[in-house]
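Here come two complexes built around chain A, the first alongside chain B, the second alongside chain C.
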Partner chain A sequence: MTNKITIEPVTRVEGHGKVTIHLDDNKQVTDAKLHIVEFRGFERFIQGRPFWEVPVTIQRLCGICPVSHHLAAAKAMDIIVGVDKLTPTAEKMRRLMHYGQMFQSHALHFFHLCSPDLLFGFDADVAIRNVIGVAEKFPELAVQGVMMRKYGQEIIKMTAGKKIHGTGAIPGGINKNLSIEERDTLLKELDQQIEWSKGALKIAKDYTVEHLELAKEFANFDSNHLTLIREDGAMDLYHGNLRAIDKDGNKIFDQVNYQGYHEYIAEEVRDWSYMKFPFIKSIGNEDGWYRVGPLARVNACDFIDTPVAEEARKEFMAVTNGKPNNLSLGYHWTRMIELVHSIEKIKELLNDSDLQGEDLVLKGERREEAVGLIEAPRGTLFHHYKVNENDQVTMCNLIVSTTSNNEPMNRAVSGVAKKYLSGVEITEGLLNHVEVAIRAYDPCLSCATHALGRMPLEVKVVDCAGNVLDKKSTN
Partner chain B sequence: MSDKIKFSIDDVEIEGEVGQTIMEAADAAGVYIPRLCASKNLTPHGSCRVCTVKVNGRSQAACTQPIAPGIIVENDTDELKGHRRSIVEMLFVEGNHYCMFCEKSGNCELQAVAYRLGIAAPAHEYLFPNRDVDATHPEIFIDRNRCILCGRCVRASKELDNKNVFQFVGRGIEKKVAVNADANLSDTDMAGVDMAASSCPVGAILRKRVGFAIPVGERLYDAKPIGSEIESNRAENK
Partner chain C sequence: MNEASTILLIGYGNPGRLDDGLGPALADAIEAKRIPGVTVDSNYQLSVEDADAIARHNIVLFVDADVQGREPFWFGRVEPKKEVSFSSHSISPEALMDMANNLLEGETRGYILGIRGYEFNEFGERLSAKASANLAAAVQFVEKAIAEKEFDQYTSVYKNA
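And now, the complex of A and B:
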């Protein structure tokens, strides 16, 4: 007889997903999967819409990192209107918007979503292992999390017009600059934000170093890594070319113009998930899967062009003697390196008078096909469009970051389930280990979700005939 | 003989000119009467009924009803505001209006009137009609999903552009704005500079490739509600 455990929904992640764990008669885990069970139709219903509407419409995929979709689509539409290089004001305003979103998203994940696991332990009492518990026991951290997120959101509002689902980036440029008043408002709080960011980096680093043995046995598996990279090899979260490395850091491809991404990346469909499985074509679908996001970006870049983040990168890489780090729990540390990098970049930009420039939009000769890529908080985000002579979108293909991390998350789930759940009495704390592995990737299942209403956590043990043997619920 | 006509709106005495409609006299006096199909420089149409007021106790469209000496007009009453809300609520669910990503948002009269009337959420079930778009014209985009059948484009084309590009076809729920051509807008003599292209109160007829160029905060109705420009006349008149 086989048993199946379902974790539905997975908690403290963006969006909705579920995990199924299969056990044999000896209570050994035989299989475990993360399912993204909902369906989104954006690639279809954007067809027929005018191209200039796309950056605003397509970002409605998500309420968590809409800026990424807004900017990736706008970058594609720049090419559609024949603009290969924006004005300095437009590019820097967009970058400021992007770093603001990276900052708030990483702060949200670290302080609100994953910190309960790190501060209290994976199997701590569920009554305190949550954001309210953090607020009670570590009130100063909880406040910092809220204030850092607010700061990032204010940047988004000043660059995009609204904190969520703004309209700032338009084909060929931006629709506003940053006023002196707005700049000074942001500068006033900047030093405090930098200090808090360094503090968060220290927490993430200290945790990983102190728990290195745990990290090495927890969802640790080799993988390829993919990221955008600047021409000189520096980390660049807004623009660059594609670089993929293998588990040892050897380059699979480098400085690839992403307009031809489909010659390097393909997507596989599997019948048990609505999410596709991307892979590197030259390696094949079996072994060509890859990680994206903070871990992949820090592993794959040659350096970071801001001093504090670069110092932190060196410390991180030293843990694995300069080779790529394949620890899933390494995501937390690298995410905080990027948090610091983002606030350092924000400082650079706020002191750049180009943000007060008046030259906002360019035009060129219309084109019919374009790809827009950006490094979203969760990883490389692909937007690909075709536009007809009447200005209507005829084709749209999106590969969202979480889709690229689909296979790694499934490997993490499977590995952790087999290690921690086999042959033991299963408790909520043990099941949380599976969720901790997923949370490390900060998945945004919103980009693939369409669920409505209240979603309680419910875990069921079901026999092969479908009979419920045991059931635990948060209700 | 005096050519002034005295009457009242909501107990305030108004002095209008001979030949004015209630709406024209109210506008000049700084009294806002909500409207959608009415537009300056176009012949009144009287079709949307949002401007319905009570004249000596009887419901009349303010955009078509001439003023007369001594009439008592009710405008800003709970009853009439309720009727106006109902009309606008029905318009929202009859078409496919998605303000959140519509490029007209912030400059849209339907949205602005809805805000002014205090409509925060749809009151009825959406009909989700299947309506088409016409993107064939090089300068103008028609999205019938957002059309409220106000007829401004029909009148503007005839009266201001001296053309006859638009026309209503169909009846009842099937009624729609069509173009006077075998197939598409590109087959007509419509030009990008035509007044008909800028007459639409909603996002149904749009100039191409300029959407979202105005940032949030600087759009027509971001700072002040619709009607404020009329009400400022009252302040100036004082």
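And now, the complex of A and C:
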């Protein structure tokens, strides 16, 4: 008899994930699968629309990181209108928008999801180990989280035009620069934001260093890593070429122009999941899967071009003697390295007068096919389009970050289940550790609709006949 | 309450998902009326930084689509409540009220307007016919309540089923 344990968030519409843990006859875990319901219909929704509309329309896909989709689509449409290099003002405005997005997203994840685990420990009472507990015991940290998120959103508003349906990036450039008044508003709070970011980095680093043995046992597995990289090997979250490394840091490919990504990356369909499983073609689907996101980016880059983040990167890499760090919990530390990097880049940009330039848009010779790539907060984001002579999109293929992290998240959940499941009863401990493993990757659950309701995480134990043997919820 | 007050209206939802866009649609309609003392905001979903804006106003009115419940809309109070979310993807009005009033020391009264929607499962930038009618009724109600500066009396009139 086969038993299944299902961990399922309740949602009204779609865009949810659930975890199914498979047991053998001896009640031992054989496998665990994370199901993320991805709404593939969006790629069809885009077909037939005029290409210049896509950078705005595509934001409907995701209410979590609309800026990343906005910029990835705009980068593709730059190519469609024949522009390979933007004006300095356009590129720097887009970068400012992107670093603002990265900053607010990483801050939100850290203060509201990760910090309770790090400040109270994984085994602390769940009644305390949550954002409310943080707010009560560390109110200054909770306020910092709100204010850092707000600061990032202000940057987005000033560069994209508005928080919802931003229009800042257009094919070939941008539609506004940053006024002196806007710049000065952001500069006023900058030093405080930098200090708070350093504080968050310290919390993440100290926890990992102090709990290294736990981190090594928790959802730890070797993997390949994929990221955009600058020509000189520096981390670049906005633009570059593709680099993939293996678990030891050997380059699988490097400085690949992402217009030809499909020659290096393929997507596998598995019958139990709506979400595809991308892999590196030269290695094959069995072993070619890879991680993306903060851990992959820090592991794969040669250096970071901002001083505080670079110092932090060196400290992080020293833990594994310069080799890639394959700890799932390493995502927290690297996410905070990127938080600091983002605010350092924001400072650099705000002090650059190119942001007040007037040369905003370029045009070139029309093309029919283009790929836009960006390092979104959760990892590499691929946008691929074909456009016909009537300016209509005829093909759209997206590989979102969570799709690339699909196999790693399955591995993480499987590892946790094998270690923490005892019998068929869903304990708080099991539920919490599965959550911690998933949270490390900060998956986008594609919840593009948010009608009234809540999304708790539920756990169900189901036997082979479909009977529910046990059921628990996180709230 | 009858004294002069500042009101924050937050309409949230995804306008690209049919009736899920009811909240932003109501926000657009109220913003177009440029009512003094009323700040209008809209977004795909509520976010933690909204707590700061809420703490700076006397009253906050959350507006969202609802997949079930009273037609054409329901209206009620939102009391602060400590809630924990599984992901960074959502935060409830109650949790935001708690952050605004207890963490950021606001003294804000919260209300919620749930407008009944019917179609959510496809992509599309339009409201269903029935949702559009419900939106019109909700806009009329919000305009009236703001003009009267009186909200509590309506919580029983439009109580959710």
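One rule holds for everything that comes next: the second predicted complex is superposed on the first by the 444 of 475 C-alpha atoms of A that agree within 3 Å, B and C clash if a C-alpha of one lies under 4 Å from a C-alpha of the other, contacts with A are read in each partner's own complex, and residues count from 1 in each chain.
As a working rule, a contact is a pair of C-beta atoms (placed from the backbone, for glycine too) under 8 Å apart; a residue touches a chain by one contact, two chains touch by 3 or more.
Since we're looking at a predicted model, the values are computed, not measured.
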| said: Quick one: is A:369 in contact with chain B, with chain C, with both, or with neither? Answer first, second, both or neither. | reply: neither
| request: Based on the superposed arrangement, let me know which partner A:167 touches: chain B (first), chain C (second), both, or neither? | output: first
| message | If we overlay the two complexes on their shared chain A, which of chain B and chain C does A:112 touch? Say first, second, both or neither. | response | second
| Which holds for A:60: it touches chain B only (first), chain C only (second), both, or neither? | both
| Partner touching more residues of chain A, whether chain B or chain C | C
| task | Quick one: classify A:392 as touching chain B (first), chain C (second), both or neither. | result | first
| said: Looking at A:176, would you say it contacts chain B, chain C, both, or neither? Reply first, second, both or neither. | reply: first
| request: Quick one: classify A:189 as touching chain B (first), chain C (second), both or neither. | output: neither
| field | Shared chain A surface residues [contacts with chain B and with chain C] | value | 57, 60, 165
| query | For chain A, which residues count as touching chain C in their complex? | reply | 9, 12-14, 39, 41-42, 45, 57, 59-61, 63-64, 66, 104-105, 108-109, 111-113, 130-132, 135, 139, 142-143, 145-147, 149-150, 153, 163-165, 435, 439, 442-445, 447-457, 474-475
| note | Residue set of chain C touching chain A in the complex reads 12-17, 19-20, 24, 41-49, 51-52, 64-67, 69, 82-90, 92, 98-99, 102-104, 112, 114, 117, 120-125
| Complex interface listing, chain A residues touching chain B | 48, 50, 52-53, 55-57, 60, 81, 160-162, 165-168, 170-171, 175-176, 361, 390-392
| field | Residue ranges of chain B touching chain A (in the complex, touch as defined) | value | 100-101, 103, 133, 135-136, 141, 208-218
